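Dropping the structures in below, format is structure tokens.
In what follows, chain A forms one complex with chain B and a second complex with chain C.
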Partner chain A sequence: MATVYINDKAVDIGDKKLNLVQAAELAGVTIPHYCYHPALSVVASCRMCLVEVGEKKPDGTVVMQPRVIPACQTPAKDNTVIQTATAKSKSAQAQTLESILLNHPLDCPVCDKAGECKLQDYSYNYGNSESRMVDEKNTPPNKPDLGNNISLFTDRCIMCSRCVRFTREISGTAELHVVNRGVVDLCPVGALASKDFLYTHRVWNLKTQDSVCAGCSTGCSIHLDTNKNVVYRLRPRENPNAQGYFMCDDGRLGYHYVNSSNRISKPHMKSESGADLSSWKDILPTLRAELNAVALKNPAGIAVMLSPFLTVEEGFLLATFIKSISHKSKLVLGPVPVIGEDDHYPKTRSSVAPQVKFTIRNEKCPNKKGIEQIIKHFEGDVIHVADYLSKNTPEALFIAAGYQGEEVSWFDNNLLELFKKVKLLITQDLFPSALTDVSKYVIPSAAFSEKEGTFVNFAGLAQELHWACVPLKQVRTDGQVYLDLLERKGLLQAANIRDEIAKSIPYFSKLAGGKLESNGVHLENIS
Partner chain B sequence: MAKFEPVLLKRIAKDNSDHIDSYIADGGYLGLKKVLKDMAPAQVIDLVKASGLRGRGGAGFPTGLKWTFLPKDHPGPIYLCINADESEPCTFNNRVLMEKDPHQVLEGIILTSYAVGASKTFIYVRYEYGDAYRSMERAVQQAYDKGLLGKNIQGSSFSLEAVMHKGAAAYICGEETGLIESLEGKRAWPRIKPPFPAIEGAFRKPTIVNNIETVSCVKNIIDLGADWFKSIGIPPDPTNPRDAGSYGPKLYCVSGHVNRPGLVELPMGISVRELITEHGGGVWKNRKAKGVIPGGNSMGFMTEAELDTKLDFNGPGKVGCLGLGTGAVTVFDDQTSIVDVLYNICRFFAHESCGQCTPCREGTAWMFKIIDRIRKGHGRIEDLNILEEVGNQIGTMPGTTICGLADGAGWPVKNAIRKYRNEFESYIKNGDKKVRTLNLQMSHH
Partner chain C sequence: MKAEDISWVKSPEFGVMDQIFLPAIFTGMVTTLTHMGNTLFSSKDVVTQQFPEQRPNLPANYRGVHRLNRDDEGRVKCVACYMCSTACPAHCIDIVAAPSPWPDREKYPEVFVIDELRCIYCGMCEQACPVDAIELTTLYDLTGHSREEMIFNKEKLLSVFDKTVAMGTDPVRTTHGRLGVASEPASRGVTGSSSMQT
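Right, the complex of A and B next:
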């Protein structure tokens, strides 16, 4: 047990190994810092976190060290005393800020970082209001194309070296002073800018929602930044249970399909008479009636494909609906997109494998595990759609696709031919395709940014999605569609469904009550 | 007082003084052989401790004490880094030792390695020191050939490998952890301490970093004894509890506006005035000195009135200088503009700041911009206050930087403003002939 005194407030830090920045955080005191980052090595070079440090002696007296000390470099020990607001500490912080800003261009009006910039925040809280330097500022040349995705505004850089350490310690790629691997969030100032976001929006207009990246089965926790129903940017959200502090470029930049104008924007049903239906009011009862008719004729004639992009709640609701039509209906798993192999970081040239700090998984879907558990619960085992269709041809097939992404088709020609053998095709997806062309019913899917629910990542971590945008006018979220098909009243409340699932499927029992911590819950026992 | 006979520089004027045969003919390596046969490493450490030897690199840390910071019973390897990155301006004592008597240095290195239990020594020589590097390299080869380096030296159980390393041509490489980083092939950014190198140094192993002159002193302490060493120099100042005394001979570099610049070996504690008049031939052109830099740029200034200060570890501090430094005394005469002097010094530190810590990187560059502007005739009186303030707030002493470079960069600035303020003010208000010429030249561009 160790007690640390921060601005005269005693905080018990237990036996945790903390530095003084972290210890102060526990006491609710912010010690300003730039170069320190919890995922990177400590260099103590920005000198922003200078504070007065001392020790409380057994007789109760406090002996302060004569010089200011960088908090990030100093371990918190029993009886450590920190003073962050004394004249000496404040003066050291103000001096450092003055130094940092000497050559900074102060071009906040055209800087993307404005509004979420540590230079602005700290200047306001700890700095002086004006510079005493009358001499010309240094103007190092900018490097607008530092990489495909990053622009470097050299003059704004404060040399904290976070990005350099990232490329050495996390990605292991060690580009000298060069970063092209998605570390713009690391930059505490506006030096590294995401080209994707550059000059698109002022950050104070953005609304931020906690979410989960749907790009691969790592399931990075993210912040989803939107305004007026448009997604502008994804940023990693710190989560030790999921990915840690960072996210990959594929995930970061892989959201554009959400805002695409090609998305299926309304439901549609082809009729033989040519009088096509395109309103929910007409289509859902017709669809239900048609499925009932199939079940009446052949109880085993209906199959449902659940894609690994559905949320757990969606999978559960659709399965419940289809089993209510006929308990002999078949649930199968949709194609699981896999690209290459798992991509581990840091990279190394040494023969000794380093401790893995980040992995981009080859399984490019967010919820295979969750959907498998749903299918297992209803069917006992998991059959893939291609295997099933190559041996069986159901009368009706409900394809709950919802595959996220516009560029790559999720089915190949072989699978399409198998689909085409089915008489009644109901396809729910984001984008029109050769499959929707041959489907009788085409139902729009919602993007991951528009729905709420649960994803279970590769390791069995259940995390919650929150909606950040509303779908287009005539699009209902997938879960809502199933709820409507089930003729349950009201709007989808993911928490209620989650509780329902927890009660009926043991794998999900930890989700009982429906509430999910922001860092998620491990459904499996991790050794 | 009898004339002091040089010890460290005894052999430098001889023909072939750098060759091992000549060194051995003069009794070289006898001390080493005796130590390997008769003394345990701990006895060598005790001897050096008893001599009161303090590091000659600048900080003056007691050498024997430094050696005892190594972890006890460490499985090894332990490294010895020899800091020959002599880059303090106007300092050249290490260079002469390496060029003219490399075997004296090498014997000191082997003795030190034996004392601290090092199995490998890295001799980190300043990049610009081509001759010194080659001379040391030859000496290392000759020592290998004679069985004075390598496995089981002289039949003992002690083995030592010596590695020559060419420095990275930056001032910061002389900072001991900057040197270690550079040695490891990285950018010479000084490390945060703790851990100190004795616990975790080069390649994450316990490491001792010693200066060339220091190890040369070790060699002579072995030969002549701790009592001999302690009979030279001056005892601790009773009024300063932190002064451990300044013993032994010291190499003083005399340069600048003197009639006879050069390197002299004298007992520690000679006064600046005596050094200049007796050994530097006096200030040139029959002028008076305006001031003196006592031990490299980073130590600050002494005015003419302060020249009776003794050049020991304790003396320069009494008149507001940072310390003895490298013992490189640079004189500037009364016709020199203090603005020019400070301009040069600020330019040096702005160029040599490694850029790691914000206060030093920005502070040194800012101070240079200010003094540059003052020199060009656009100074303001308040600039002097800013200079003094910045000079005071950068460095390890206030705690704002990782290494001591910033202390050394700030010291001459605050010293100059405090000791020569009138001249700065007069320059700012009235300018001088040089300023007018400079402005004239600029207006032609």
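Right, the complex of A and C next:
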């Protein structure tokens, strides 16, 4: 039990090993800092967190140290007293800022960081409005091609060395002053800029929504930044349960298909008479009737492929629908995209493996675990679609694909041939393909940025997706389509479906009530 | 309010001369005829202008059609910072930024569009601009045959600059001397005068 006094407010920090920045955070007091980052080592080089520190003696008197000291480097111990608002602390902050800004260009109007820049924020809150510098500012040349994805504006750098420490401690790639992975988020000023986002938008026009990256089964918590229905960037969201503080470039830059103009934009049904249908009003009843007819003829003649890109809610609704048509119909798991091996960080050259701080998984889908549990609940065991189709040929196959990504096809030729054997193909996907060409029904799917629901990552962590964009006019989210097929009224409310799932499937019992914390819930007991 | 605070004013009583109205009519006619005489026989004190043959001389701070200023080399001055579109209460400015083709700046507007019909001519864009690239001119008789015609793109806005420069009707900011980059005093390597001098 340790008590720390921050601006005369007592805070019990328990047994936690905190520095003064963290301790002050507990008290709701922000100590400004640039170089300190909770995931990196402490260097105390920026001097922004200088505060007055003292100690409360057993007899109640407070003895302050004569000089200001860096809060990030000072451990919080019992009876530590911090004063952040005294004249001494304030003048230390203002002077530090003035010295940091000596060579910083005032090009905020053209800087992409403006609006979310710590220099701007701190200058406004703690700084002086004027500089006493009389000499010319130092303007080192920019390095616009620092890396494939990063541009360096050298004159804006304040030498906090966060990026350098990241490449040494997290990625382990140790490019001394060359950085190339996920470092842009770390830069507290506008020195490192993401080329993907560079000059595309001003940050204050963006709306931010909490979401989950659909790139791999790590399931990084992210912020989705959008404006006018266009996704502009993905940023990591701090989540100790999922990935920590960072995200990889594959995820960060892999969202462009969401804004693609090639996406399937409306439902379509091919009919033999040539009178194709393309409105939900006509297609959904026809589809339901056709599936019912198949079930009447052959109760075991319907199969459903659930892709690992569906949310738990979507998987559950579709399974419920198909089982209501015929309880003998079969649920199978779609292809799980796997690329290479799990990619662990930090990298090292020594023979001793360091503690893993970040992993890019080889399983390039967000919700294999969740969909597997749905299938297990209804079928008992999980069968892959290729295995199933090589032994059986159902009369009707509902392919709920929704595979994210535009360039790479999710099925190979062998699987396509197996699909082609099925008489009635219903395909729900994002992009047109050889499969949609041969399908009788083609139903558009929604991107992960457009739907709400739950993804379960590799470790059984359930996280909530929120919609940030509205899908194209004639696109309904996958869950909504299943809800409409089930003839349940109203719009999809993911929380209600979650509650329903929690009641019927024991694995998801922790989702009861439907509310999910922003950091997610572990569905499995972790030892 | 107390009763003694109120002072009642009585209308003047009508005399015989007032009741026949003729003196008042004659006084009025004298005024009318004087003006008529002035207009017909002397050019003094004439307030009517023969628009459109005659054009008014508007003050330099008049808020008319926008122009996009050019720098000394004839390039667009705008650095695509979106300050004007952020400040715009009518949301009539659309900008698409791109890396600039010139070495002396990082960003320039690839597309700069103002919907002149949506604009309320408040001048906020002018005030927000850190590089004095956008100004409201004294051009006021803006007409067009369609709505599309009234959506001004970058080229059209630059042509307004050329036109007003040729006409010699520069807006107030330009006539008062060039401003520097926002909050960078002139002594620090910025040519021209600084914001402190205006």
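We take it that the second predicted complex is superposed on the first by the 527 of 527 C-alpha atoms of A that agree within 3 Å, B and C clash if a C-alpha of one lies under 4 Å from a C-alpha of the other, contacts with A are read in each partner's own complex, and residues count from 1 in each chain.
The rule is simple: a residue touches a chain if its C-beta (ideal position, glycine included) is under 8 Å from a C-beta of that chain, and two chains touch if they have at least 3 such contacts.
Owing to the predicted nature of the structure, the values given are computational and were not obtained by experimental measurement.
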Combined model on chain A where chain B meets chain C, clash or fit: fit
Which of chain B and chain C A:Glu407 touches, first, second, both or neither: neither
Contacts of A:Glu341 with chain B and chain C, given as first, second, both or neither: neither
Chain B versus chain C as contact partner of A:Leu198, first or second or both or neither: second
First, second, both or neither for A:Ser45, with chain B first and chain C second: first
Which partner reaches more residues of chain A (counting touched residues only), chain B or chain C: B
Partner chain(s) touched by A:Ala92 [first = chain B, second = chain C, both, neither]: first
Touched partner set for A:Glu272, first chain B, second chain C, both or neither: neither
First (chain B), second (chain C), both or neither touched by A:Asp15: neither
Nearest Cα pair across chain B and chain C, whole Å: 12
Overlap of the chain B and chain C footprints on chain A, listed as residue numbers: 136
Partner chain A, residues of chain C touching it in the complex: 79-83, 86, 97-99, 105-107, 130-131, 181-184, 188-189
Touching residues on chain A, where the partner in the complex is chain B: 42-48, 50, 65, 67-70, 73, 92, 95-96, 99-100, 102-103, 132-136, 138, 158-159
Interface residues, chain B side, partner chain A - complex: 189, 192, 355-359, 361-363, 365-366, 369-370, 372-373, 380, 386, 393, 396-402
Contacting residues of chain A [partner chain C, same complex]: 106-107, 109-110, 136-137, 153, 198-200, 202, 204-205
